[in-house]
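Same chain, two partners: subunit A is paired with subunit B first, then with subunit C.
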Partner chain A sequence: MPLFGKSQKTPQEMVKNLKEAISQISREDKKGEKASDDVSKNLVLMKTLLYGAGDQEPQSEQVAQLAQEIYNSKLLLLLIQSLHRIDFEGKKDVAQIFNNVLRRQIATRSPTVEHICTQPEILFTLMKGYEQQEIALNCGMMLRECCRYEALAKIMLYSEEFYNFFRYVEVSTFDIASDAFSTFKELLTRHKILCAEFLEANYGRVFDQYQALLNSENYVTRRQALKLLGELLLDRHNFTTMTRYISNPDNLKLMMNMLREKSRNIQFEAFHVFKVFVANPNKPKPILDILLRNKEKLVDFLTKFHTDRSEDEQFNDEKAYLIKQIKELKAPDEH
Partner chain B sequence: MSLMQCYCSSKKSVPEADIEEPLYRKPRSRRESPSWSSSSASDRASTSSASNYNMVDFRPRPEDYQIFTVIGHACNEQATISLAKHIPSGTHITIRRINLEECDIDFGILQHEILASKQFAHSNILPLYSAFIHNKELWAVMPLMGYGSCRDLVCHAQFTEGLPELAIAFILRDVLQALEYIHAKGFIHRGIRASHILVSANGQVRLSGMRYMLDTIVGGAKEHVVHDYPTTAIKSLHWMAPEILEQNMAGYDNKSDIYSIGITACELANGCVPFADMPLTLMLLEKMSGTTPRLLDNTTVPDYIMEENQNMEGGTDSGILRDSEGNSRGDTIKYQRIFSSHFHEFVESCLKRDPTERPTATDLLSHSFFKQVKKKSTEAYLPNLLIPVQPLTDATKLPKDDSAVGSLVDRLKDTDLGEQWSF
Partner chain C sequence: MDRMLDLDEDAFQHPTIMDDILPEDFLNDDEPLGTLWTRLDSDQIIYQPQRRKATMVGKYLKGETLGEGSYGKVKEVLDSENLCRRAVKILKKGRLRKIPNGEQNVKREISLLKRLSNKNVIQLIEVLYHEEKQKMYMIMEYCSGNLQEMLESVPEKKFPLWQAHMYFTQLIDGLEYLHSQGIVHKDIKPGNLLVTTDGTLKITDLGVAEALDYFQEDDICKTSQGSPAFQPPEIANGLDSFHGFKVDVWSSGVTLYNIITGKYPFEGDNVYRLFETIGKGVFTIPDTGDPSVEDLIRGMLTYDPVKRLKIQQIKHHNWYRKKISRTTEYVMPPPLPDSDDPLRCMTVIPYLEAFHCGEEYDEEEEYEDGEFFVEQPGPSGQGAAQQPGTPSPKLKDKKSKRKKIPVRKFTFGSCKQQ
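Then we have the complex of A and B:
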């Protein structure tokens, strides 16, 4: 307890003061200014209570009280909805308070996760946060923590808002696009079974939009999307999705064209998707036709492909395997 | 000086930085306030400066920028720093360009640097106005820092033996203000060195080099000690604290930045970084055995020369004074000058082998070394202390560089018009 100054505020008071201040924050007058200061101050108080001051550990009883008060007062949603009105440092404090409360555990229960499940609006508001430049990165920090919990990842994946990510990852502001891509990737890869089920159930919609990322004008979007595609297809949980993807001749054409892109990085990532088409033991006819039609060219192309990667053993083995497979390709009516 | 005046007058229309910041800090009791809230005063000042620079809207589109000449390189020579003009506002700025196709820096690190830069708003931290992709390049738009880095300053003929003590006091005070803020936010900088301290034409000091910034708050929990060792920071090893170099179970914390402040102080005062002339492994051993670099002046140089002579046969290297070129002018300067005892003491306290004995950034700001700059603004004094170095201010007189434009040509080059697949 500090010897000087006001006596410490109880968690209940903090939450109450914060809520009051937020309700006044959009006012244009002096009261609005004061409210803004009060918001920042109370956020700092809360953060200190949750993380501990300096090297001190936080007091678990106070933390429990604060968490309970936060749930009862629905403070999380309010904070996120008002995030754009809070000042620069306050926004970061909100994210840190949110992330700390989120990881709360009582035995095997995660009370905050349960709380958010009953208020999914919290997640949708966070996802839409990428549309506002001044809060995008703060929302990203909270979203990625949410992704760690399967129940929350599921709500986000199956929401309409998820499809907005195809737009967010392509915005021209690099930091926002990068952050959105990290969240997007996390959602599609973190919980293997959940992700596999989601991709199977929503194959058409997801890959229609994914195609646009692969054709993006933005070099980084294209490169990252291609890399993630390779990872998704090669993950054995996504077997059904992979099979579907490699049965479509348009996808094969796209990858073959990307093999010829000027960018070596894109060529290399495309190789890792292309190899799945060739390695497939049950190639559908349209796929086989394309490969047969380009047999000589492909053998020639792959023989000269990235020959300077001599130290990458796995790549060279795979390349040799592909060349062998393509050489041995036969039209079905020949046997 | 006409160039500078021109800069100052044009600056009025461009509220790039907050000059009305409190010029000194009130001594505060560290005991009564928790570390989070201790920086709230500087937070407020910095937030206002953040909103100031936002008044100019630097949009993420290449056609808004006119690139002039290349003025430097960064990130192991893989990034090009160009002087440029933001056309809509007429502001002179710098753009750092990295070709992502050819760059071997992990893309994640570049992403981390950009995102980390966006986490801070402080008048002594280099702001990132905008970052975007143009063709295969990552462009980062930043303010023009007319004097370049402090590394550039000690490379200037006038200062090869180091900067004047008063200039160093101004520079380090401002860097510590930035560091106090960074530490209060739970980050460790891990890249403090002269080349990451930039000075603008009007004398503002700003810390950069956010690439190795480490957040000690992970997943909603604060770590008191961290064990993350940067694997790609070979060029920064000279500035790193022994506990980082050791990579042992004890880990390290933000006190490692304080050690780097000490090394940087020596770098600024001596003109070269301590241990510069020895192999990295030997430097590591010297640091771990507790060898403390010192400021080279009349009070220390004679000691070293005696030591050197004694050790001639033994072959032990103090590692601190080894002027391979035998520069006699430099030696004379080092013999004659005297740094204040406060400065010597400051360096000594930063370079304590045991991290817990090192002061915090906040402690250091009230160190007696900074008495000489108390209540004085860096902008008002630093440029005069740096004479005869002239800052770079006016971009328009320099040749224009068109290599960045021509996007259509680039796009055409991307499509291989040679052989095609038959679909």
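Then we have the complex of A and C:
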């Protein structure tokens, strides 16, 4: 017990006080102001308890009690639902508290992950956070921490809310759009097998919407989406998805158009997707037809394509390989 | 400056000048050769400071040798443009030719490394060529040591559980990435796992790795040139083709076994005997005090490659997911062979000094008070303590060891933060 100052609050009291304060926070009067102060104060107390202060290490006994109280009182959901009402510093504190409690581990168990699994509402609310400018980045921080856990990533991937990301990555506020994109990418790449299964199962819906990103008016969206597409297709875990993608002539047409984009960066990224279509040893007829029809033009185009990249041996090897492949293309014998 | 540094480093090789021992005394002394003292009057000394010459490879300033492989030396370098600490693998064409598949392996390694980018896979910064010298320089990320030399530096030849866990999880992450890029490493072992100063593990040496064809559906491989003790039964038994990814799982299993127990699951006097033992696939695990890690090892060293754990299953295994609290026990990379610096401070610094202020200094005046000279070790007694292979000091020995590297500390006290 400290000699001066107030006696230390127990974790139970902290949670109780915080909950009460949050329930009052939306009031317009004096009480609302006081509630807002109380929220901030209690959040700082919690943060200190979890992270320790100065040289003082956090006490595991207290941390355990606080975590238990947070689960019992469903505080996480409440905090996230009222996040927009909490002041600037308080929002950051919420994210820090959330991430700390989430990382909690007892031997092989992650109790917070288990807790969130029983309350997926927490995840969906966080995902919708991208729609509110003032909390978007805080939600992003918490979401990416959630992405590290396969169980949580799975809930998010298979939720309706996931498809909102195709909208979020294009919002006009640049920092929010790029934050949303990094969460989006994390969801689609972090847990290899989970992602591969998801893409296979939801191929149509995902790639329909993905197409829109590739055709976006926004240069950054187009470029990021194209780069991610390349990464996804060239990851062996996504073999099935890749073979499906490169069998669709519309995708080939899109890539061929992107090869001729104004931006050299986009041209270059498109090259890395385009090469997979050509290298495919079992090209379906529609694909082969397009390539055959454009044979001369493609050879000519590729010969002049990014000739200043003389340093990049790999690129030049691949280019030479593609040119050779295209030159050697033959129409299948008609019977 | 030069002279100072030379004395410090070369004290083990050159006789030290001692004024208080007469020649007669030592002639009658039966001490072993190493402790010979020579008396020289100061006017007899023809003073020729051995020059520490600063040499550059491209924009990189060279430091000391970090290690030596069959292809050539690895040296520490400093990027003179952005001051990044790097390592350079120097490959000599002549030497490469004598190694079976040497040139081909290096070529493959470079092309693979160029397209890879992952936290747990070594990054190749650039490749430089020197036509006249017939040399090739591979500039890589700097790492402070590999797991093998760290293991050899401690008597029990193993890591504490938490440290082994920290490295193993990173090994699996790096391996998952390699596999996602269609690359079978084929030579996973402690010697090919580097550690950076912040404890990040980097998989290195893709010399015998194989990149699968994009359109090959399975991971069937036909050749293997990896280290025998880490090869799985299917290779030991000489099967024509095998699942590549499962080879890496097996080798990682042997690696885990090794860094946790300090032993190998399979041993033999020669490769034939070794392969015979591996081919039977029978092994025992010494008690580690942690049944779940033993279970994981058994899963990874499953005889049938089809039943052997997949990377995904390893990541789901309890031991992988387990949180192991850090203890004070910690195995550090040992000092470099010719040095006794436990922190492996940047070895480029003396060369840098030589480069910039080598001649301007009036040594006598600058270092007269000689405070940093006090702990200068004797000619051979101390040197013997640092023979390669002797256990290196752990963290607690740091203080006493530190005193012996006074020059570097004096001039660049902050370099250990690098």
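Brief remarks on what is shown
Criterion: the second predicted complex is superposed on the first by the 330 of 335 C-alpha atoms of A that agree within 3 Å, B and C clash if a C-alpha of one lies under 4 Å from a C-alpha of the other, contacts with A are read in each partner's own complex, and residues count from 1 in each chain.
Just so we're on the same page, a contact is a pair of C-beta atoms (placed from the backbone, for glycine too) under 8 Å apart; a residue touches a chain by one contact, two chains touch by 3 or more.
Being a predicted model, the structure only gives us computed values, none of them experimental.
By the touch criterion defined above, A:276 lies against subunit C but remains apart from subunit B after alignment on the C-alpha atoms of chain A. Of the two partner chains placed around the shared chain by superposition, neither subunit B nor subunit C is touched by A:331.
When the two structures are aligned on the shared chain, A:87 is found in touch with subunit B, with no touch to subunit C.
Once the two complexes are overlaid on the shared chain, A:235 sits against subunit C while remaining clear of subunit B. In the superposition on chain A, A:201 makes contact with neither subunit B nor subunit C. In the superposition on chain A, A:220 makes contact with subunit B only, while subunit C stays out of contact range. Residue contacts after overlaying the shared chain place A:212 against neither subunit B nor subunit C.
In the superposition on chain A, A:320 makes contact with neither subunit B nor subunit C. On subunit A, the surface touched by subunit B in one complex and the surface touched by subunit C in the other have no residue in common. In the complex of the two chains, the subunit B residues touching subunit A come out as 32, 34-37, 40, 43, 47, 50-51, 60-61, 100-101, 111, 114-115, 118-119, 121, 130-133, 135-136, 138, 185, 217, 219-222, 224, 413-416, 419, 421-423. Against subunit C, the residues of subunit A that register as touching in their complex are 105-108, 192-193, 234-237, 239, 276, 279-282, 313-314.
Listing the residues of subunit C that touch subunit A in their complex gives 111, 114-115, 176, 179-182, 212, 214-215, 217, 312, 318, 321-323. Per the touch definition, subunit A reaches subunit B in the complex via residues 2-5, 40-41, 44-45, 47-48, 51-55, 87-89, 92, 96, 98-103, 137, 145, 148, 172-175, 178-179, 218-220, 223, 249, 253, 256-257, 260-265, 290, 293-294, 297, 301.
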